[in-house]
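For reference, the structure is listed below as structure tokens.
Letters A, B and C mark the chains in the order given here, with residues in each chain numbered from 1 onward.
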Amino acid sequence: MRWAYVFAALVVGWLMAGFSLAGNAAEHWQEARIPGTSENAITLGRDLDGDGDPDEINIRLEVIEVQEEVYPGEKVTFWVFAPEGQGMTTVARVPSPTIRVEEGDRVRITLSNTHYFPHTIHLHGTIHPNDMDGVPDITQPAVKPGESFTYEFIAKNPGTHFYHCHVQPDVHVLMGLVGMLIIEPNRPNNNFNHLVIGAGRIQDMAKAAMEQYDREYSLVYMDIDDRLNRIPAAYKDPREIEKRMHREYDSTKRQPNIFLLNGRSFPFTLRDTPIEVAPGERVKLRILNAGARAIKLHTHGHHPTLTHLDGYAVPEGMRLTRDVFDVGAAQRIDLELRPGSDSFYASGPGVWIMHDHTETAITNKGISPGGDITAIVYEGFMGEDGLPRVATSLDRFFDPEYYRGNIPVFDPAIFNTTRERYESGWPEEEPAGGRFDYPVREAN
Amino acid sequence: MRWAYVFAALVVGWLMAGFSLAGNAAEHWQEARIPGTSENAITLGRDLDGDGDPDEINIRLEVIEVQEEVYPGEKVTFWVFAPEGQGMTTVARVPSPTIRVEEGDRVRITLSNTHYFPHTIHLHGTIHPNDMDGVPDITQPAVKPGESFTYEFIAKNPGTHFYHCHVQPDVHVLMGLVGMLIIEPNRPNNNFNHLVIGAGRIQDMAKAAMEQYDREYSLVYMDIDDRLNRIPAAYKDPREIEKRMHREYDSTKRQPNIFLLNGRSFPFTLRDTPIEVAPGERVKLRILNAGARAIKLHTHGHHPTLTHLDGYAVPEGMRLTRDVFDVGAAQRIDLELRPGSDSFYASGPGVWIMHDHTETAITNKGISPGGDITAIVYEGFMGEDGLPRVATSLDRFFDPEYYRGNIPVFDPAIFNTTRERYESGWPEEEPAGGRFDYPVREAN
Amino acid sequence: MRWAYVFAALVVGWLMAGFSLAGNAAEHWQEARIPGTSENAITLGRDLDGDGDPDEINIRLEVIEVQEEVYPGEKVTFWVFAPEGQGMTTVARVPSPTIRVEEGDRVRITLSNTHYFPHTIHLHGTIHPNDMDGVPDITQPAVKPGESFTYEFIAKNPGTHFYHCHVQPDVHVLMGLVGMLIIEPNRPNNNFNHLVIGAGRIQDMAKAAMEQYDREYSLVYMDIDDRLNRIPAAYKDPREIEKRMHREYDSTKRQPNIFLLNGRSFPFTLRDTPIEVAPGERVKLRILNAGARAIKLHTHGHHPTLTHLDGYAVPEGMRLTRDVFDVGAAQRIDLELRPGSDSFYASGPGVWIMHDHTETAITNKGISPGGDITAIVYEGFMGEDGLPRVATSLDRFFDPEYYRGNIPVFDPAIFNTTRERYESGWPEEEPAGGRFDYPVREAN
């Protein structure tokens, strides 16, 4: 197996470089190469409609098995689509990168299968020929290890779409072979980076988005049953892995226990994928549920407006404003967030958390707080340590022992005791009314 | 117990016969008798409003226990409402037949309880007197074995409705006592068959549907925890069955593992309930979720428009177009599908799968692909073998061994091995990092 | 631990008293004191806008552990916010009281933590300063046992909102620290009671509601995994409870088995929280899902119209009428119910049940009928025994043995046997096809 490591510092540097380059004149515009990727990972061709931006977009993706620490102490194995790497280097990151193209572009996405299992790419929500639909056996044979296949289509319907592997989807989708695919409306000189590694903030907004919005975020939600994800790292023989993942593991009995936003759970979400805003701005949130549960997304202190469903615009007069949005499996919603103090859309500056309101899903394996909680962080509320300025220390949540259940969730002082006495234990108490079972956390 | 067998060839013949008869002049119109049903199963009375079609509709339904092979090798026991049979013959099929009546009709549905448990029929979504609501103890005593009860109402609100048993609904609904009930808008000479056995394509469309659509489908989704369905076939004494199904089996712990569209799972769905279309048509999909889960219905390559919720029209300007639709338990949605190549509603001809996007639910007991996957099949893409023309052979999915987990899901050649060597096994590998549990498929 | 008992008769008396007082002139209006509460539980201040009603609202809430019989024989432990009690008396009732304030009010809700764990109050849906958001560690330190904190905000956005503890929400929310919070639109002389104990009918409607509606109900849905709720009553040492509830109990594996409307399951719902209506009325249903599941709310014989989502009005032309409404975790919907016989919105007088259509959730621990089933009861259909007039006796559902699984769900006579012979048992039958497992109810 091939392991991938993300060099976060390099990527941050690249994001900033790409952003500045995007401001150049179109004829000189050249996409900044993502450090660690091959020169073929993204190649741009001709400007077919003569409007100042390239309309032939070629992207090469590999399939990489990667381990990531999603919250303190929890390393999870994922499979991701990653831009073609350079030598032994890859830029693999869960979720698979957000792909961005422009309406009218001739898009070629080449799946170069570097993995030990067959895969495909299903383009979900886009308009494309039937033989580009990526459904194994139905529209094409699955792409075998060592082979490649190019998905080719002209981008037609602008919006927030989805791409994912369609081979054995109850396993491959939930292992992380998922990413957002955005078709930007056609505009002159519409130059932007075509991949957003790890999703999150889109720094070089496309022209149409800039007409209406000040900031833009790509938010990919996932749910993980880590008992599935442990299999590939535990065995060496791909036949053994095939048998265990695809024929023994019963996905109908899965119980997701890790809940991710852009590949991270709280508290890492606060650091890696906060929603930074300023009063008076309009912020576009592109949201994809790449998991198998329905999420109920709640924005504290804010009432966003639903502008798009599955990439298609909701007509102006029909746009609902509320505070808990449904996002079912594979659905996409675009929200317009209006930070400020208008008292209808927003409550005023500060640090406002945003999360699935399924209470059991804002835990890390049953320990709260965790899961996909992030925060809407107003200008001036981000600290120098890269974390939002909040009321108390969050240190204990960065201690892996907390999510192993080894640290009391409340200060022992409130019980007139100490952590030491906590740890020394106390006499086992016989429950009043007799013993009973409840679901217990598994030891890691 | 009485077992029912559907004679598929006869039924197909009947469907075609009914279709041709529907073209006759109204005064001569007579509904074709469904082979295997009694002459009282459907009886039509007077044309009360003098507009050329009968307005007194009498339907007699029995309750039948039936076993059906829902995918290769998997026989499941269901209870269904079936049109009154002839002698020992019945036309029992899961789901219960789609019932169709016209606005203004005087409808009489007689439940003749031929089963060993009490039952009722709840009319869900229709307008009817309170004592016709079919809720045991609340609006009537449950109908005991050997007794009958006639549900009588004047059809008022046109739309896609639902009927089901309301006795012990956590068991009886999920055992299959569910069907779609359509009230067609009133039109002159509105002659059509009143039952669609097994749901699916509606061949003799009613007048109002024909005004706007070229084809029409009745799609009933169900989810099954087969551990419940195994109980009635396993025991002979109804008291034993009562105790086990209603008092021991804890439905709050159910884990559905079989997912049906019109009583079939993939690959049988491709054969028995494909969505056949032609470019330029408008196709009406009437969808009922008769299960206990919420489904997220995705149409590959197509973006249908939501026209009705629970049978009630969504006003024209408010109709949303998207690609993943929520259908919760007991909800009905009507979709307008516009096959073609317009690049907004449709991507062009071919075979496009359509399925719940909950990945774990498009499996057959945890083995993918399965569940409610069917396909939108364009004209010219249906093969002579009754299956859509697809990219590779689907043969292995028709082999019961595949869904028993005995056939590798990938061609062993990709691992430089053979199926024989696969079957001979390999040394048990100790998992790296120690043993761990994951949910395993139960042997059948 | 401190146990609370509700004196139902007193509360009923208080509701009637408050209702009559509300008719008095504004300057003389004084809120009736809820029997058992301290004189500081609710205090009203100045009329700041001079329109005849008080605009300074001070509410003091404690946190109380309470045991309630939710259906016959089932006592469940909850934690609730309760108005400050008098001496050892409290008015604790699950769910926490519906809080009502007026747009423009200066609201002060003091959380006086009388419990052994830290808590907060998160105001969900209201506009309020960031430091009033009630998120522990993020916007404030959690309120320790013995301490208090005052949440202070000016009520801005009228609508149906939500308040709940935000400490360890996977446990605290699901233990019952949840209530509805209504902001009534500003009107002159808008006098009403500020707390509705146990939610349910709102007898003293606010002015704006009276402009459009004849009756109003506050409906709070919850789902309980009673294995969690059993922990605090089983152990005495709060450290033991902390460890078991917050670090051992894995909420991601919860399986809710008790389903509540306003703190009751069927059949108690029929008695304690029916929806009483009369033909021709307009009835406002304010609905909050305070559980962690999505419910699919079905109104038999009626098609309500959705007027508000999460407290925000749906524009007039966009209001959908259907018969099964989605209400996800933390979502609120307001419905307009139009009882009568118009054959579009309503089917006519009678007793029409209303319930989540997830069949497994209208059981009490897997025994049907149960859960959140209540009924829309027309004038003249409520019996003198306080139960709706229905078709048969409901006596057996009031017998705790029924929900212990000790009474056959069908009359044994239909099997030509007797309950005595049922109880004497019969020879164990070997299942045809061999033994198999299914999920079995746990003994209480």
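Following the convention adopted for this analysis, a contact is a pair of C-beta atoms (placed from the backbone, for glycine too) under 8 Å apart; a residue touches a chain by one contact, two chains touch by 3 or more.
Just so you know, these numbers come straight off a predicted model, no measurement behind them.
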By that same contact rule, can you tell me which chains touch subunit A and subunit C alike? B
Can you tell me the C-alpha superposition angle of subunit A onto subunit B, nearest 5°? 120
Interface numbering overlap (same over half, different under half) for subunit B and subunit C: different
Where subunit B and subunit C are represented by their mean Cα positions, the distance between them in whole Å: 36
Among the residues of subunit B, pick out those that touch two or more other chains and give their numbers. 255, 294, 317-318, 326, 442
Subunit B contact footprint on subunit A (complex, rising order): 116-118, 122, 124-125, 127-131, 133, 135-142, 144-145, 156-157, 168-171, 173-174, 227-228, 230-231, 233-240, 242-244, 246-255, 292, 294, 309-312, 314-315, 317-318, 326, 328-331, 442
If we count contacts the way the header does, which residues on subunit B are in touch with subunit A in the complex? 255-257, 294, 296, 298, 300-301, 303, 317-318, 320-324, 326, 343-344, 347-353, 357-363, 365-369, 375, 388, 390-394, 397, 405, 408-412, 414-415, 417, 422, 426, 429, 431-433, 436-442
